[in-house]
Every structure is written in structure tokens, then in C-alpha cells.
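Since the structure comes first, as C-alpha cells, the remarks are kept for the end.
Going by the order they are written in, the chains are A, B, C and D; count residues from 1 in each one.
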């Protein structure tokens, strides 16, 4: 099987799993994988990420230029920025979750996570006794501008980031790694939302 | 396959999806599609919308008159009003959700949604930086009266509306469009409910 | 197929549906059906209601006496009381839900439901503009005593009742009717719980 | 089938059920079974507990020493402590749930559960009118130290315990017993979290 087809099937299955978790409602969210030649497999714009078929994944250059006549997901440049910035990232997932949407509106600048055992699901973290800072960027429809803001605001050590009122981005070396980060983030976001409610 | 049978199968599948999302509990909610001759395929009164079979979808005239001896869903006239008012509407879905039931009781006149990226799931919206006004109508068992209230209160630009303590109506040119609007509304309703809780 | 086997298969499927809704955790809850000769098909004590097999349903007399050497669910006498009191009841379901457990601890005497369209899912109700009173009985391990309390406290018009910290009972002429009442109650209980949270 | 393979298949299915309940996100949680010769079948470190295959369960000695070249789950010594302390325990499950994570951060010393009918799901409890004390231990990455803390803090009568910001441990004589305790704990934790929210 071609590398493109293999990545395509992985992304279709990842989308199905994200949808079952309620993380890609309507046609929100987008998914991509970096191939060995540097090109990307990415979702076609406007498709339902929970019900993807092979025709819904397209190939773009390392800079996000379409290699056929179709248009990739609007946020394709955000995927490109991550691949450029994080050498180990070979899969990028952008879930559009309720918890991420709300927390990114309720917090300023960053969400700080600490004293959760599940933080160990993120790379390089081996104790709950630490602080993980998840940057929050203001939403913007000019994706090139937003990508530049993200590039300036990322330290490169974060396991992901939030876009205000929009959702979050996370990545991994494999689709399993990226999905593990999604599950960990959603768990932690839900914990933070509930604690915020109790702090009223 | 006849157009009626095709629409029927689409509505059966849509009902199943709505039920899995918890949006048509008991025998609540109703679904319809407009056919090319102007007649409607609509759910028969009292059937469980999550477990529809072909016999649970019937045909009515453009004004909602039964074309056989069965009775359509009580709110059939609300579907008729939408088809008359919105030329592009070819599928109308009425989910009966907890979030819609509560928000419609907690807000006056209308629910205003803004700064959500997911608003772009609605037709004609290309930025989160906008205001979407979802009218709320008082519930009434006189459906002809309620339909007139809705007709007077709709601008025709809204992607849907709420009925107090009852649920919401949304529509689309295809069943996929209408389901996308349902998923977007539910996501946004849940966000608004949680923010309302935090504002206490 | 014998009437007992038919009822057994219906109860197995009802238990599976209740479990998927999260309403019979651990081995809680119980289910029964009244047969044409007045005897009851009821769950055997201690079985997991979401994973019932034919061997988990037994036959008891109209007064709850085992017709074999097994013991029926502890609350069997509560089912007997309902069948004696409500002539139309042919299926009784006792889900053990979080919402019912909490509301029954938070309210005194009764839970009053009004202005919900979904109230129409209950027999004899044709408008949201009404009051449905759901009695709450104190929990008690002496089931004969509890059954007498219920019998004294029921008007016979309610679609169900709550036991404090325990769950709820509802019934119907068919398993579909009883399950419709379960779905309606859970929806309304969840609405009431969320409104209670907002009223803080 | 060998006893090890039988236990392995039971743990694979238990992990799948826990994942469907949302109790083992990312690669959190761990599961084990004690065999008749005293050795343990336990999950291999870092595997996704909701998607286990036979290769993800390994055999360790009664003291937790690997019997092959693989490493068991980090918390293996906590399983060993339970098997040493609780003679009847033949299956130990460690779900990593949101409710357990939050309650263990919100309560001091112990979570006290009372007046819930579902408490009867735990061994030796035959009435809701009692108090079940669930100890809370501070999280610690030194598992030998944590195991000693747990051993000192357990009375041996509890159906399980919490680790702060981490999750909970429960056990049973069979996998069905242990899963029943998980379902009961999660139900009760959710009840306590919601009541805590209302008490604000």
C-alpha cells in the first residue's frame, strides 16, 4: 500500500474516533499526516471529519499548496507551521471540543495544568508534580496571520495549544501518539472546566 | 428507487443519528423532506424517531394534508411554514434536546450566539466575529397559531429557532446540511448552558 | 414462542437499552412483565440488568412467590404493588439513575414537573401547560413496608415515582410504553437537575 | 485454555468496557488478575487499556517481578499490595476517571459515602443507611513508597481507595465483581461531584 493511502486510512480512522468522542461536530476540525517526502496528507475543506472516505483526504506540499484542484482544510497553514516547528511531529490533529472552546474563552494567555497524573501522557513529563502551560491564541480568520502568531508564541515544548472559541491543536510522531494527546487534553480540559464551575 | 423512498431512508437514518446524540428521547421530535413535486415526506405521529421503519414515514401535501389515512407528526404545520418561507429548505429537523429545552426557558426573546468558530457551520457565515440571533417562540398546543407566530417572527436569515421548553427547528438543502446544523446548534447550546452556569 | 419466553426476550432487550443509557449500573435496577395468567416474569436477584440472558429472568406468582428455587430481585414486591394498583400496567421498569438518585435527595415529598413539552410523553397529558407530581418515598430495606408506603402515597394517576437515594419506578402497557416513560423521565430529571444547579 | 490466557482475555474485555465508560483515557489505568499459583497477569507498561491485545498482558511474580523482558504497568506494586492485603482479591482494576481525579483533589483524607442504595453493590453492605469511607492517598511517583502508605492506611474493609489527582483502585474475587465495583464507584463519585457543585 502507498504511504499516502496508509496515512489516509489512519486519518479516516482517527476522524471516526474523534467524532465518537464528540470532538469534531458538524464539519469542524481537521487532520493531517507528514509523509517521508515532506508532503502532507490533509483533510479536504468542508468534509465531515467523523465520516471521512478516501476521497476526503488530499495531498499538499510542505508549504500547503494543493497538489490537485481541491482545497485543503482552511487551517492547513497551521498544520504546516507545526510540522516546520516540531521535527518529531508526523501527525497533527485539530479537534473542535466544547471544553477547549470554553476554556480558551475563560482563561487569559494560557491554560496552566498541574498535579494531574495524566500529564504524564505528554512527552517528556514523568511526574504529576509539574506545570504544563498550554498557550491560548486569539482566533483569527486570516490563517497566515494566526500561524505567525502561533509560531511566535510557541516554545516548542508544549504538547498542544488552544485557539480562542475554536478548539485545540496537538500532534505526535504517530497517529496513536496524537490520539493519546487528544484523550489526555480532553480529560484535563473537562477537569479544569468542572473545577472552574466549583470555584464560582 | 422512488424519490419518496429515497427521502424516507434518509430520514430513517437521520432519526437514528439524532437518537444516538440523545436529541429525540421518548417519541419526541419530528423530521421531514420536501420532494420535487412539493409534497412532503414526514414522520407519522407518535413513532419513535430513533427507531423509524419505512412505515413510519408518510406523504402529505405542501399544506400538510395527509395523502393516506394516517396522521403526520403534530408539528407538521411548522415544517410547512419553513418550506413556504425558506425556498432552499428541502429537509427540516426538529430535535427535542435538553440544552434547547433549558436555554429556551432561560433566555427571553432570542438566544444570541457570538465569537464561536463553529458559527461558520451555518450558511452565509464566514467569521466567528459576528452575532447569530436564534429567535425563541412561546410553546403553544395550537400549531396553526404557533406557525403564524413563527412566520411573523422569522427574518428568514436564521439557521433555526427555539420553542420554549420544547426544542429547536433547523433545516438545510440536504439531510447532511440539516444534520450539520443540528450538530452545530447542540454544540453551541451546550457551550451557552455551561457559560450560564458559570455566570451564577 | 411461549408468552414467558417472549416477555423474557423483551426484558433482556429493555435491560440492554437501560444499561446503554447508564440507568442500571453495577447490578442495580430491576424489570418485570405481567403475563395473561397474572404471573410475573421478573429479573433474578443480583444479575447485571444490562447483560441479561434468558436464565436471568424467572417466573413468580401475582403476589411475588417464586415458582422455582431462585430468588427474584429484592424489590419484587414493589412490582407486585404496581400491578395490583394499576390495571393497565403490564411492564414495570426500575432504573437506578444518577439524576433520580440526586433529585430524590434534593426535593421533599414530590418532584413537580411543569411547562415541558415532553410531559406529553406520559399517558393522559396533552399539553405542556400542566403540573405532573412525582411522589418521593423514603428509602427502606423492608420492602413490604416500602410497598405499603407507596400504595398509600400513590394517587394512581402518576406515570412513576421516586425512592430517595435509590432510583425511580415507571410502567406501561407494553415494554415500548415503559421505555418511553423512562426516556421522558430521564430527560426531565436532567433538566430539573441543571436548573437546580443554576438556581444556586 | 491456560489460566493465564483465560485471565488475559478477561482483562482485555474489562479494559474495553472501562474505555467505553471513559475510565482509561490515553494510556492511563491498569488491570491485573491473580492466578492460582500466586503469579499475576498484568498490563504491560504504556499500552492503551481500551485497545489491549493478548501481547499487552504479561506475567509477573507475586512480588511484581517480570517473568519476561517486558516492564509491567508502573503501578504494579499497588496491585501486589492489594493481593497481599486482601486474600479474596483475584482481580484488581485501576480506572483513571475524571470524577475520581477531581474528588480526590477536593476532599481531605477520605471520601465518605452514605444514604445511597447503590452502596449495596459493595461486599458486606446490605443497607443504604451506612457510611462507606474511601481513603484518599497523596499521589507519589515512588510507587514502593505509595504502596507502603496505602498498606498503612487501609483497614482492609474498604471496597477501594483514591489516589489524589490520579484515579481509584478497586478489586473483586472475579472480573465481574471488580467491574461491578467500578460501576458503583463511578456512579457514586458522579453523585458526589454534582452535590459538591450544588453546595457552592
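Following the convention adopted for this analysis, a residue touches a chain if its C-beta (ideal position, glycine included) is under 8 Å from a C-beta of that chain, and two chains touch if they have at least 3 such contacts.
Because the structure is a prediction, the values reported are computed rather than measured.
Taking CA atoms, the transformation carrying subunit B onto subunit C includes a rotation by 90°, reported to the nearest 5. Using the average of C-alpha coordinates as each chain's centre, B ends up farthest from subunit D.
For the pair subunit C and subunit D, the distance between C-alpha centroids works out to 31 Å.
The geometric centre of subunit A is 44 Å away from that of subunit C, both derived from CA atoms. Contacts with at least two other chains are made by residues 197, 200 of subunit D. If touching chains are joined by edges, the resulting network of the protein chains shown is one closed cycle, each chain touching exactly two neighbours. Within the complex, the subunit C residues that touch subunit D are 25-28, 48, 96, 98, 101-102, 105-106, 139, 141, 163-167, 193, 196-197, 200. Of all residues in subunit D, only 115-118, 121, 126-129, 176, 180-181, 183-184, 186-187, 190-191, 194-195, 197-198, 200 touch subunit C in the complex they form.
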